[in-house]
Amino acid sequence: MFYYQIDDNIKLSLPDIHRADEIAALVGENLERLRPWMPWAVDEYSAEHAKDFIQRTLKEFAENGRFNVMIEVNEHLAGSLGFHDLDTVNRSAAIGYWIGKEFEGRGIVSRCCRVLIDYLFDTMKLNRVQINCNVENIRSRAVPERLGFKLEGIHRQVEYHNEKYGDWAVYAMLKDEWNKLER
Amino acid sequence: MFYYQIDDNIKLSLPDIHRADEIAALVGENLERLRPWMPWAVDEYSAEHAKDFIQRTLKEFAENGRFNVMIEVNEHLAGSLGFHDLDTVNRSAAIGYWIGKEFEGRGIVSRCCRVLIDYLFDTMKLNRVQINCNVENIRSRAVPERLGFKLEGIHRQVEYHNEKYGDWAVYAMLKDEWNKLER
Amino acid sequence: MFYYQIDDNIKLSLPDIHRADEIAALVGENLERLRPWMPWAVDEYSAEHAKDFIQRTLKEFAENGRFNVMIEVNEHLAGSLGFHDLDTVNRSAAIGYWIGKEFEGRGIVSRCCRVLIDYLFDTMKLNRVQINCNVENIRSRAVPERLGFKLEGIHRQVEYHNEKYGDWAVYAMLKDEWNKLER
Amino acid sequence: MFYYQIDDNIKLSLPDIHRADEIAALVGENLERLRPWMPWAVDEYSAEHAKDFIQRTLKEFAENGRFNVMIEVNEHLAGSLGFHDLDTVNRSAAIGYWIGKEFEGRGIVSRCCRVLIDYLFDTMKLNRVQINCNVENIRSRAVPERLGFKLEGIHRQVEYHNEKYGDWAVYAMLKDEWNKLER
Amino acid sequence: MFYYQIDDNIKLSLPDIHRADEIAALVGENLERLRPWMPWAVDEYSAEHAKDFIQRTLKEFAENGRFNVMIEVNEHLAGSLGFHDLDTVNRSAAIGYWIGKEFEGRGIVSRCCRVLIDYLFDTMKLNRVQINCNVENIRSRAVPERLGFKLEGIHRQVEYHNEKYGDWAVYAMLKDEWNKLER
Amino acid sequence: MFYYQIDDNIKLSLPDIHRADEIAALVGENLERLRPWMPWAVDEYSAEHAKDFIQRTLKEFAENGRFNVMIEVNEHLAGSLGFHDLDTVNRSAAIGYWIGKEFEGRGIVSRCCRVLIDYLFDTMKLNRVQINCNVENIRSRAVPERLGFKLEGIHRQVEYHNEKYGDWAVYAMLKDEWNKLER
């Protein structure tokens, strides 16, 4: 029921238990594209998996303010965006996202990320935002690059998924840098 | 950060830990009006009380979908609305609300209640919505009466507050009745 | 093992884990009469259900003093009596009861209720005792009427049981009223 | 409120939170006699200590059937009796007791112990009941000796209390032995 | 990984989750000898049982310093040694042990017990160490007798195992006595 | 009491609650050197802090096998070594260490790290070991460099400590690489 309106077409909505079927359907349609990168994108992804995701994300939101939201385009679920590894001592977090095939290539993820990054720096008072992309996920890496993040290193074999190890490109943005970028 | 837009001016927003000060200020300004009816409206109401309220409400929202929201009018916090006594076996809940002096008399609470009642019947699949008002709280009783609720009884000395017992007027609306009302 | 002797024939005994079979047998014999009103009176009611009931009631008794007891007539289990919705802030509780067919019509429940009501007002220091009866349960409604409770209202469709909604007649007794009744 | 009547004068009552003051008073009057043997008998024993004792004993009764009861003589609290070290795998438990000065020398403890031992063997289905007495506590040792328990050994320095070590005389009764005793 | 070296051949090692298979194998080889005395020595003893044992013992070690260790002889698991019934108020504990057939008769258990007893008296600051042996377990009873423990009593039918009751010979050693023994 | 002997002089010992004073003393002597890099190295570091550290590390060891150990040189506490960020899904962990001034410059840390890295790859079956050093901590960075780790990146402002942000040099070693190094 609750959301944040980004522009006339796009909003970020808190995962809603009454829409678990819709979330499962979106994941199902995009399973081929998600499976190589997302450990949670299992073959038999169902409304039960979606309910788990929803309840975990609401529980964490209640406990420490961390959230995942659904990206909606003209009232259709389009993808997801969130942050993890929230570290209030060192004032940092990492962003993750995915979007359905149908909604790709329109800059929707970047627009949503800008809003989230503003929120993390301005409202959550963080100092550093990190984005970890599989080195081979070119579409995903385009997001931090377009947003002006700095590539800080390549972490080798840092993720074990689908029975092979993947490397991460680690990007980061500092609060001072973000404020200097024209937006 | 997350809300539901009712019309151009009014929205219902999830309590936000970053706005605890604003909530405490609103309660403080309306303390004289709240104290006779609301057990939680203590003299020294502070941002800490507001944080407690926010965290409890988010936790319950995560656990069972029950929520309290803030009423915002043109981006200013104006009051609060929520439901309690959620009983999914018997499919019922009770609504509670309050609004600041400055925002009174414009039908804002009734408009917000309509949205909440729709949500309870349509999305939460409830069958009965109850509103309990102190018999002497005329302004509060006007809400269920305007919305077409039926007065089912007067419960005597059902609430102990400020060292005296209060009676409740108990109003209820059934799903079938609500659907027959023109809205 | 532990009980409260009401008169030469009747006692109220704490549910005893060693008598789970007896409790299940009593429920089984009275299933036809209990099923329309009692959500817990399921067709396959067994000693396991009775053990659950016993352990929950002892646990609550330990935690907050709330209890259910068995009514015994000449050492035979005859029915049950207890209170729920204990609210120590507002100083109120609600009473519930049932008795086996064989023991009906002798005023046993009323006699037991008098003892419990005295206990709630005098020992537990409550101010209000409520009894909720299904409007169609004439035998049950006779108890508060005989004891001098006031009918405060009819709550419509407040209980969902056996796939239909039931209305409650809500009766209440205040401490002052009880003390004025001759007993 | 709940008790077990032993004879016209004596009953065993479940500790009752509404009688914490009475329990504290009884302990206070007997502090000189209890302190040498009972680790819980502290100088500043208060109603709060009694409430702790009551809540712990009711909680354990709910969880595993273990209990402590108050000994009442003609409605006056006289002492306490209970069992501990309940071991349902090996089917054993140990009994403890104390009685106020005023009630001593009348065989009250032995009479109460008989009822408890019957309960442990017959209802709880135990096989062995143990009584541990400080070797120097002659009055306490008289109880198992009078009841026909067998002295199995002396455990040296098994208890540290009041800054010195105490030895225990360990007595035991087996179910078969108990059943052969004429009672 | 972690151990205490007793002499060139013998060490006491903390149970290691990576060696659950080895522990299960040792128990399996000695099942005939363990089953009469050890309740945990079940017919189908497996690596899962060993993992349970390991995790429980490490958890207790973390919580209160109580431990069980494996006896290793020339890097082969040979048996086990530990203490239980740790009572820091009364400053006592009880020792338990077993060793595989292949390693018996060389005084290994006694040598290990000496180290453990020193640890309990000197590092853990205990005052009393008890050893309970089934009266018929002659090999086991030889250990406290060889170490100079005093037989304090015979506890009858104190253990129910393999559908019969067993008696315990209870031995104890006090700190003062231990210090006077020449070692 | 439990340790792993590395050579005649050096051992790794599990933190021992009975040696909390010794640990606190070692930290106290090295506070000047630890404070710039270690968030836990607070001015008033006491035996209570050491006990907290010991209990947390034993608890985690019990729960998931993760540990910190003390480095001992000729029975004197010299420093500490451990691993964190244990990720059994992705099969990785990160190593941390410090050593007292008096023991520096003899290659002790590197020798201990080799043993730990062997353990992580061979016994814990990990695939990747990471070491994060503050970029300015030259002595600390010498360890992964000497051990043949690869510098994968510099993470900017990733740590907030002593009111300023610190950058990390992130080094990593893969199992295949480690096995190819001559050791």
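As written, the chains take the letters A, B, C, D, E and F, and residue 1 is the first residue of each chain.
Everything that follows uses one rule, which is that a residue touches a chain if its C-beta (ideal position, glycine included) is under 8 Å from a C-beta of that chain, and two chains touch if they have at least 3 such contacts.
Keep in mind that this is a model prediction, so the values were computed, not measured.
Student: Under the document's definition of touching, what chains do chain B and chain D have as common neighbours?
Tutor: Intersection of chain B and chain D contact lists gives C.
Student: What chain lies farthest away from chain D once each centre is taken as the mean of the Cα atoms?
Tutor: A
Student: Is the number of contacting C-beta pairs greater for A-B or for A-F?
Tutor: Higher contact count goes to A-F.
Student: Counting only Cα atoms for the centres, state how far chain B is from chain E in Å.
Tutor: Taking the mean C-alpha position of each chain, the two centres sit 63 Å apart.
Student: So how far apart, in whole Å, are chain B and chain C when each is placed at the average of its C-alpha atoms?
Tutor: Once rounded, the distance between the two centres reads 33 Å.
Student: At what distance in angstrom does the C-alpha mean of chain F lie from that of chain D?
Tutor: Roughly 54 Å separates the two chain centres.
Student: Of all residues in chain C, which are in touch with two or more distinct other chains?
Tutor: none
Student: Which of line, ring, star, complete and other names the graph you get from chains that touch?
Tutor: ring
Student: So if I start at chain D and go to chain E next, what's the full loop of chains?
Tutor: D, E, F, A, B, C
Student: Under the stated contact criterion, what part of chain F meets chain A in this complex?
Tutor: Touching chain A: residues 39, 89-92, 127-128, 150, 152-160, 165, 170, 172, 174 of chain F.
Student: Spell out the residues on chain F that touch chain E in their complex, using ranges where they run on.
Tutor: 1-5, 13-14, 17-18, 55, 58-59, 61-63, 65, 119, 123-124
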